[in-house]
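Structure provided below as structure tokens; questions to follow.
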Amino acid sequence: MVSAIFILAAALAAAFLLGLLKDEQRGVAYAITLLALAFMTWISADWTWAFAMDGAASVDIFTAGTEPPFAINLRVGLAEAVLTLIISLTALLSALAMKDALLALGRRAMAVLLVATLAFCGIVLTRDIFNLFVFFELAAISTGGLILLSDDERALAAGFKYLIVSQVISILLLIGIIFAYHATGTLNIDGMADAAQSILPGSRQAFMLAFFLMFMALVAELKPFPANGWALDIYESAHPAYSAIFSAAGGAAALYAVDKLLLVGGTAWLPAATGIGVVTFVGANLLALPQTNDRRLLGYSSVAQIGLILTVLGQRDVLGDLTGFVALGLLLAHSVAKAGLYWLSSLVAGRELSAWAALRGHPLMIFAFATFLCLLVGLPPFPGFYAKWELARVLAAEGRIALLALILFGALIEATYLFRWFGYTIKRDKPAEDIACASGNVIAICVAAVTGWVLGYLWGDAANVMLGRGNLLLALPLLFALAFLLLEWLPAWTKNMLAIAGLVGYFALTWGDYDPLRLIFFVIFLIGGAVILLASFHAHGRRVGFYPAAMLMYAGMTMLIEATDTFGFFAAWEILTVGSYFLILRGKHSEPHALSYLVFSLGGAFLILAGFALAASGAPLGVSPRLTFALSELAQVAQPLAPWVFLLLAIGFMTKTAAIGLHIWLPGAHAEAETDVSPMVSGILLKAGLFGLFILLMSMGKQQLYGIELTYVMLWIGAITALLGNLMAIFQEDAKRLLAYSSIGQMGYALFGLALMNHLGWLMALMFVINHYIYKSMLFLSVGGVAKRTGTRAMYQMGGLIALMPLSFIAVLIGIIAMSGVPPLSGFGGRWIFYNAILESEYRLPMVVIFLSGPIAFLYLFRLIHTIFLGQLKDEHRKLKEAPFWIVLPQMIYVVLLLAFAVVPGIALRRVDEYMNQFFPTGGLNWSGLNISSPYGYWDPIAIMIIVGCIFMTLFLWLLFVNRKAQKVKQFNIVFAAERPYRPETTHFAWNFFAPYRKALGFLVQPFVTQFWGAITDTLHTGADIARRFYTGNGQTYAIHLLGFVVAVYLFARGI
Amino acid sequence: MKPELMKRMVKGPDGQEFEVEPLRDYYCEAAPTVMPAAYIKIVEDFFNWARSESIWILGFGTGCGAIEMRPLMTPRFDAYRYGVQWRPTPRQSNLFIISGYLSVKTLKRAIRSYEQMQSPKYVIGLGSCTINGGMYWDSYNTIKRLDDYLPVDLYIAGCMPRPEALLAGFMDMKKIIRAGNAEGANKYAENFDWYKANQKQVIHDWDMPDYNW
Amino acid sequence: MIAQIAMATGFALILIGLYGALTNHNLLRMIVAFTIADTGVNIVIVAVGYMAGRTAPILDAAVPAAEAAQRIIDPVPQALVLTAIVIGLGITALMLAYAYKLYQKKRTLDIGKLTELKW
Amino acid sequence: MIRRAVVLALVLAMGAIFATLLAGYAPDGDLNLTARYYADRTAPDIGSANIVTAIIVTYRGLDTLGEVTVLFLSATIVGLVLAGGRRRETAQRPPVPVGELLTTGSRFLVPLIMLLGVYVFVNGHLTPGGGFQGGAVVASGVLLMLLADPLKHFSHRLIAAVESVAGFAYVVIGVLGLVLAGGFLDNRILPLGELGALASAGAIPLIYSLVGLKVGAEFSSMLASLSETEEL
Amino acid sequence: MKIPYALLTLFIVVNFGFLQNALIQKIAARVGRRYGIPVWQNYIDLIKNYGQRSSITHGVMFYLGPVFRLSGGVGLLLFVPSIYGSEMFSNFSFAGDLILALYFVFFGTLGMALGAAESGHPHSAIGITRGLSQVTAAELPFALAVFSVALQYQTLSVTDIVAAQQGSILNWTVFTNPLAVAAAMLGFLGSMMRPPFDVVLAPQEIPIGPPTEYHSSYLALMQTNRAIFPVAKMVIYMSLFFGGATSWPVFFLKVFCIYLWSAFVGVVFPRFRVEQSIRWFLIWAVPIGVLSIVLM
């Protein structure tokens, strides 16, 4: 193993060698630089391999042949090796990326680059405090030099600001060092740490002050929130490849330096570090909201991430040996992602966020961009996810809830502005000039993306080894979804066949080992998904990006069912959220809605994370915080904590089922999605939320919080959601939005059923799950088919399509009969069970609201079928063909399914009924033969179907016979008060269909909720917009900010 | 011809251009056919009896006679006793009372309503204006003989017959129906061209199909 | 007593330097102020090493190696101060070059004018 | 105006911190742990008379290497920054007339200054001073030459070569220290010799002279690039 | 064995329906001091409409309108036991309980709406909107009353509810749970298309709303339904609130009296607009229903 000192020696030697070369030999100089960087990378990679694989202990390297306290020593452990690897690798790739800039400036710039890398590696390796100062100064000066690489002439001013601030920092650091030396007698960090313990009380106060100055200097290097204007200016104006080094390598090195320093200061300074870290994380993220320049946004984001890692370091006393796992996970994710994003920004010409739409022509770049964003936000299979989970678990165990809340709030904001940016890239119109595909950049980006995934695997493996968590990347469903990324070159129909085969195959493999309840959800997720995927055969071409996203969603859902412990459940939850986000984003105008969907879902997911963390903490009883927490153990959560856990989890799941107040994302997301995506999202995805609620209620049952019965509150929420969902659906003019609002209403029904907490209530909720899937997917498909043919979704622009699109009409007819609960079909079954359920339950008032929402459901369904299929046919729709075959086929399958389920509901419900007995022994149904009876009433579906069928057929045949000679007339042969109708558009009544209801109950549908959420987002935005004026751009002001920051922390530290 | 009835080219949502001919596309162009009576006489008599007992009048008042029909709904005359009823739509009505002078413009609407009624349908003309033009005999814009344009079953004379006269008229109408002679619809169908020619001669802006179903 | 005086002057110089740097708008004045602050720091560093009644850490006839431990002052701060001075020089040289280049480009030396990068 | 008040307040606050530091400061009675080790061990281990030099070159060799890189870096960056200005220099402006006294004085003084500089960094391990101070003196000599004859053209190639060779040699010695002796930059690769002699303290004199040459070269290159861009 | 008896019940109820409608119209006429239509007039109108020679059709759904309507009426009648205690006249009540009847009401409404919409007539579309809005609003008090009764008797099967009301008049629901019955009777007004709430079928408002385009045999079917449907609904009211009928005469009397309630209100009050009727139900009928549930 080559000694780590050669990393520094090689860089220096190469830098000096470059001096010897003539100015013209720039190619040779560039080659030497690359060689040196590659050598450094190889050494650190070698060390990392040694430590990671053989688990060797950390090695000390002495200089000048004498033991540490008296000479400078370097230590190489796993952390140092990994960090030097990241630093040198980033430098190497950045060198590749800024090849032309380096060649333009000549060998001097290359020398400075080498010295910069040397400096960062030095900061990581050295154990001597003064040596650390020297390397920091080296880094500062080389940054000053490398800024000249940028073609942005504002970079000079940024460089100067940086030098001013580094002067102030060096003053503080030097004074701190010398007084610390005076107090402890040594300059070696480890020596200083031991000496600090045994310091005599007299000079302890002086040492504390000296340490404070040193600590403030190093923290200032970490660009803390109030005092980081200078860093943002560098990020914005420097050459993007250098910004990558500055953010990834500089950030990593400075963080490790602070970590080493914290060893000296002991636990007294950890709260200060946490405080500064959290303020930076939340403040920088908040101020990033109104940013429009991409590099400045990345600057804010990197400052925030470093703040987060500082917080993690500040929690070292609590995290114990997990600190490495969590801090390194976040750090590596940040470094790889930030470097990758900066390299991407070097490709894009325009600087606004929407200028990145130029990436659209290159699927590989889009994939890389998505990987980096997921890395940064910490979504599953990436290391950030495991780190975030462990952090939340430990923080909850220690009762630091406020800190956890702040971190999650900051993470949510970060996810918002990052995925808003991703939305712009996918949806905004492409700028004129395409991206400059320099080979160096592309290589760097690809390497970064691959490293991201490899890190994901490594962290999964580490989590598996250390904590017994399942490695996500080894989960079969997720692998299947990611395999589709490689199959993107296949035509769409082959991929579709593969997908359907995969879904059905996986179902056939594993359906055996589930209890009836999970089995029903499993059937809906997989078999239901396969049937909807049939509709995807209508698409032509390759449909790049559709199948990975869809399969990711399905993978998430299957893993949700399979999950036994909270980690598996939460990982699955986030996977399906990400998958569905990318799926919804494919719609033509779906960008803002997909973003609101993601923000709500991630908000909900973070609540669930907090809930699970609280549940696992078990703090009050002194039970040791659990490493893995099985879902079923939710029942044993201690009393004072259980209601809070229930509350958090319930709200989290209710964001997914769009309960009132959290519903505003649903109409846009479901309406604007593609034809075959809407049924997937509406028919299947909402059930994931319900499944979560089932699990929650199954394990935790009724909970009391301050005397209020939480399930009673859920009952009211379900009822009001049902009422307002249906009421809003009535007044919609857009067909898909109508169906989306109706989904909210139906989910309100299911939530109500669940909250009844009795046997039949749950059975009703399950019945709704099945029914809602069938008819909602059918309705969405048929409306999608009609919208594809007519080119519009506004109902008043359609009309009279019954003759042209008969099959769609039949599907919608059966759909609305079933959905409105009219007897012969399965909807009635749901309503019948509902009635029996409410008779059993002891509550009275919420039923009133549900009764009103029942008939209202009938109204908007009729509006849907009337305005689209009946009424007057427009001129331009005269030559319409039936909806594409592949969209009609699933509808016909659903019609058969509905009829079958109407006649024999037992096939699905019987076994679930017995399964429910273990939760609610009394009040079950008994399935004697054809007749289904409950303690209150009875219901015989087959008899009803036969009777109604016979009556109907006899009358129908009779009327047909009598009117066999009737004269077939056309659309304007109507009695129009002896006048002639003017045009089809003016005689088709569709606009403002239920005017009386709007006059009578219009006040109920005022958009209060939208205004509420709008107000929150606006305050955040305007607040951030005002706050960011704080960075006036004046270098001197930045130095004053820094001084003010130091004084403020001093006053604050003195205060505690 | 009004612009909305002109032939025009229309582009479908999928970009396909095709021609829309309103009169052909919006209206059914079938000509009326003679509706045969029920198979056997006894059934036809029975139906005629039922038709006579429940005469539904189309609420389409033209000219000054319509005001005479209002008293029939009041307690004093009460036509409901005789199974007579007023229906707002021609679809559901059997009897069309042309109550007074018929300007050409109203004739066009009367023809459209008459043709939208289902056979068997009957027409009663009130007052002299429907018989020979009455006091408007030399007017340029009224029609002189209703019979040229619609098959009339009964005329009730009187320059506006009083409600009692109307009731008497209804009684006569019942007799005609019961006797089976009220075949105005079939007469109209048989001499359809003759009627059409007369009507088109008077109505110049003929912007509707020949037979308004 | 001497150490305290020296250190006090060092601190005073630092404060003056900082105040000068943070109030003057002209770049060159700021650079000069920072050099003052740097010298102040150097004085403090050396002052920390001072020990009453001892001589310079040079082993020669006057200070034989044997009783060096009792006769010489603490050599470490002196070593540190050397590096500090050199680094202070490096940064000042760089700031001067930047100031020159900024003046060449923007024809102004006022820090308040260089605020294109903000918010 | 508020700005000044704020700055004043902040500076006073910093002053308060420094005051507490000052108040809490008490000079040590005798050498602390590290200083005592240096005092006792320098003579036998390193063999350098000047303990400070021993610390600078050997014990804290990495710092010095860092310093040298800092200087190298500043010179390169200043060259980089001012590179843009050099092209204008070729427009031969009329030279500013130089005083008689300066030219003759410089002709006499420059060699003396050079000699003093070389003496300082060669005897770094014996007498106070060392590579950096010697380099500075040499650079002042170069400055004097520049003042005497502003158009004097120094070949940047030579300066860069000297600089690079010295730097590279320094690194090689460091690596040799690692290979032959105890650790990186260990001076015991050459015999220690006896205390006080010129050829004593192992590689220190060699290192220090290399450092002196390098510092001299860097300062002169900075001065040269600054002088050649004087067109303000 | 059930079918012939069911057909018998159907025959009885159809005839009773026609006669009862004529009688109620006669009563309304007599209030206006008019002689009113002869009692058998409905039969004649039916035969005349059925006897019409020509008819037109707008499409398949146009056919299904009246068919849905009539099958809704017949189904509602046959799913509820007409005469309590007699095996013959319990029709097909074995197939479903009170909830089936409650939701089967919508079957006819849905079919009528679809058929009328197929005709393409804007007036029928507006008529349907009004009809649906009003019926749904009227449905709420009735649903609340049904829930209250179900809670009171702890069962959903109609025969059990009627059984619980046997014995003296005093244990009819109207006495044991007056609030529920009040709410139900107010709701009943809304669904009977009588004047206060008859804007949907009002002859002059928009030519008779949904059935604008219907004529001859379609109208005949609708007229038979107009006879059966009210009676079927009133059977439910009778069974739930007024002790059910143990024999046909009691059946006819009670149904007639319930129908009189809507006739009396109908004759006196002017016509509501639809939003007024919605507000009226929500302000007056629903609170009573809620009270009946809460106090239960």
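In order of appearance the chains are A, B, C, D and E, and numbering begins at 1 in each one.
Operating definition for what follows: a contact is a pair of C-beta atoms (placed from the backbone, for glycine too) under 8 Å apart; a residue touches a chain by one contact, two chains touch by 3 or more.
Keep in mind it's a predicted model, so treat the numbers as computed, not measured.
**Q** Give me the chains shared as neighbours by subunit C and subunit D.
**A** A
**Q** Would you mind checking the shortest number of contact hops between subunit A and subunit C?
**A** 1
**Q** Does B-E or A-B have more contacting C-beta pairs?
**A** B-E
**Q** What is the chain whose Cα centroid lies farthest from the Cα centroid of subunit E?
**A** Of all the other chains, the one whose centre lies farthest from subunit E is D.
**Q** Of all chains present, which has the mean Cα position farthest from that of subunit B?
**A** Measuring from the centre of subunit B, the most distant chain centre belongs to D.
**Q** If you average the C-alpha positions per chain, which one ends up nearest the average over all of them?
**A** Per-chain C-alpha centroids ranked by distance to the global centroid put A first.
**Q** Counting in whole Å, what is the centre-to-centre distance of subunit D and subunit E, each centre being its mean C-alpha position?
**A** 107
**Q** Roughly how far is subunit C from subunit E, centre to centre by C-alpha average, rounded to an integer in Å?
**A** The computed centroid separation for subunit C versus subunit E comes out at 100 Å.
**Q** Could you give the separation in Å between the centres of subunit A and subunit E, each centre being the mean of its C-alpha atoms?
**A** Those two chain centres are 54 Å apart.
**Q** Distance between subunit B and subunit D based on Cα centroids, please, to the nearest Å.
**A** The separation of the two C-alpha centroids amounts to 119 Å.
**Q** Which positions in subunit E are in touch with at least two other chains?
**A** Expected reply: 54-56, 207, 212-213, 216.
**Q** Mark out which residues of subunit D touch at least two other chains, giving numbers and ranges.
**A** Counting only residues that touch two or more other chains, subunit D contributes 3, 7, 10-11, 14, 18, 21, 25, 28, 32, 34-35, 38, 59-60, 63, 66-67, 70, 73-74, 77, 81.
**Q** Residues of subunit C touching 2+ other chains?
**A** Residue numbers touching two or more other chains: 14, 18, 22, 48, 76, 83, 87, 90-91, 94, 98, 101.
**Q** Just spell out which pairs of chains touch, all of them.
**A** A-B, A-C, A-D, A-E, B-E, C-D
**Q** Across the complex, what residues on subunit A touch subunit D?
**A** Residue positions touching the partner: 3, 5-6, 8-9, 12-13, 15-20, 22, 61-66, 69-72, 105, 108-109, 111-112, 115, 118, 122, 126, 128, 130-131, 134-135, 137-138, 141-142, 144-145, 148, 175, 179, 182, 185-187, 202-203, 205-206, 209-210, 212-213, 1040, 1043-1044, 1046-1047, 1050.
**Q** Spell out the part of subunit A that touches subunit E in their complex, as residue ranges.
**A** Those residues of subunit A that touch subunit E are 800, 802-803, 813, 816-817, 820-824, 828, 831-832, 835-836, 838-839, 844-845, 847-848, 851-852, 854-856, 858-859, 862, 865-866, 870-872, 931, 936-940, 943-944, 947-948, 951-952, 955-956, 959-960, 962-963, 965-969, 971, 973-977, 987-989, 993-997, 999-1001.
**Q** Given the complex with subunit A, which residues does subunit E contribute to the contact?
**A** 50, 54-61, 63-64, 66-68, 70-71, 74-75, 78-79, 92, 94-100, 103-104, 106-107, 109-110, 113-114, 117-122, 125-126, 128-130, 132-133, 135-137, 139-140, 143-144, 147, 150-151, 154-157, 207, 212-213, 216-218, 221, 273-275, 278-279, 282, 286, 289-290, 293-294, 296
**Q** Given the complex with subunit B, which residues does subunit A contribute to the contact?
**A** 789-792, 875-880, 967-973, 975, 978-984
**Q** Taking the complex as given, what residues does subunit C use to touch subunit A?
**A** Of all residues in subunit C, those touching subunit A are 14, 18, 21-22, 25, 27, 30, 34, 37-38, 41, 44-45, 48, 76-77, 80, 83-84, 87-88, 90-91, 94-95, 98-99, 101-102, 105, 111-112, 114-119.
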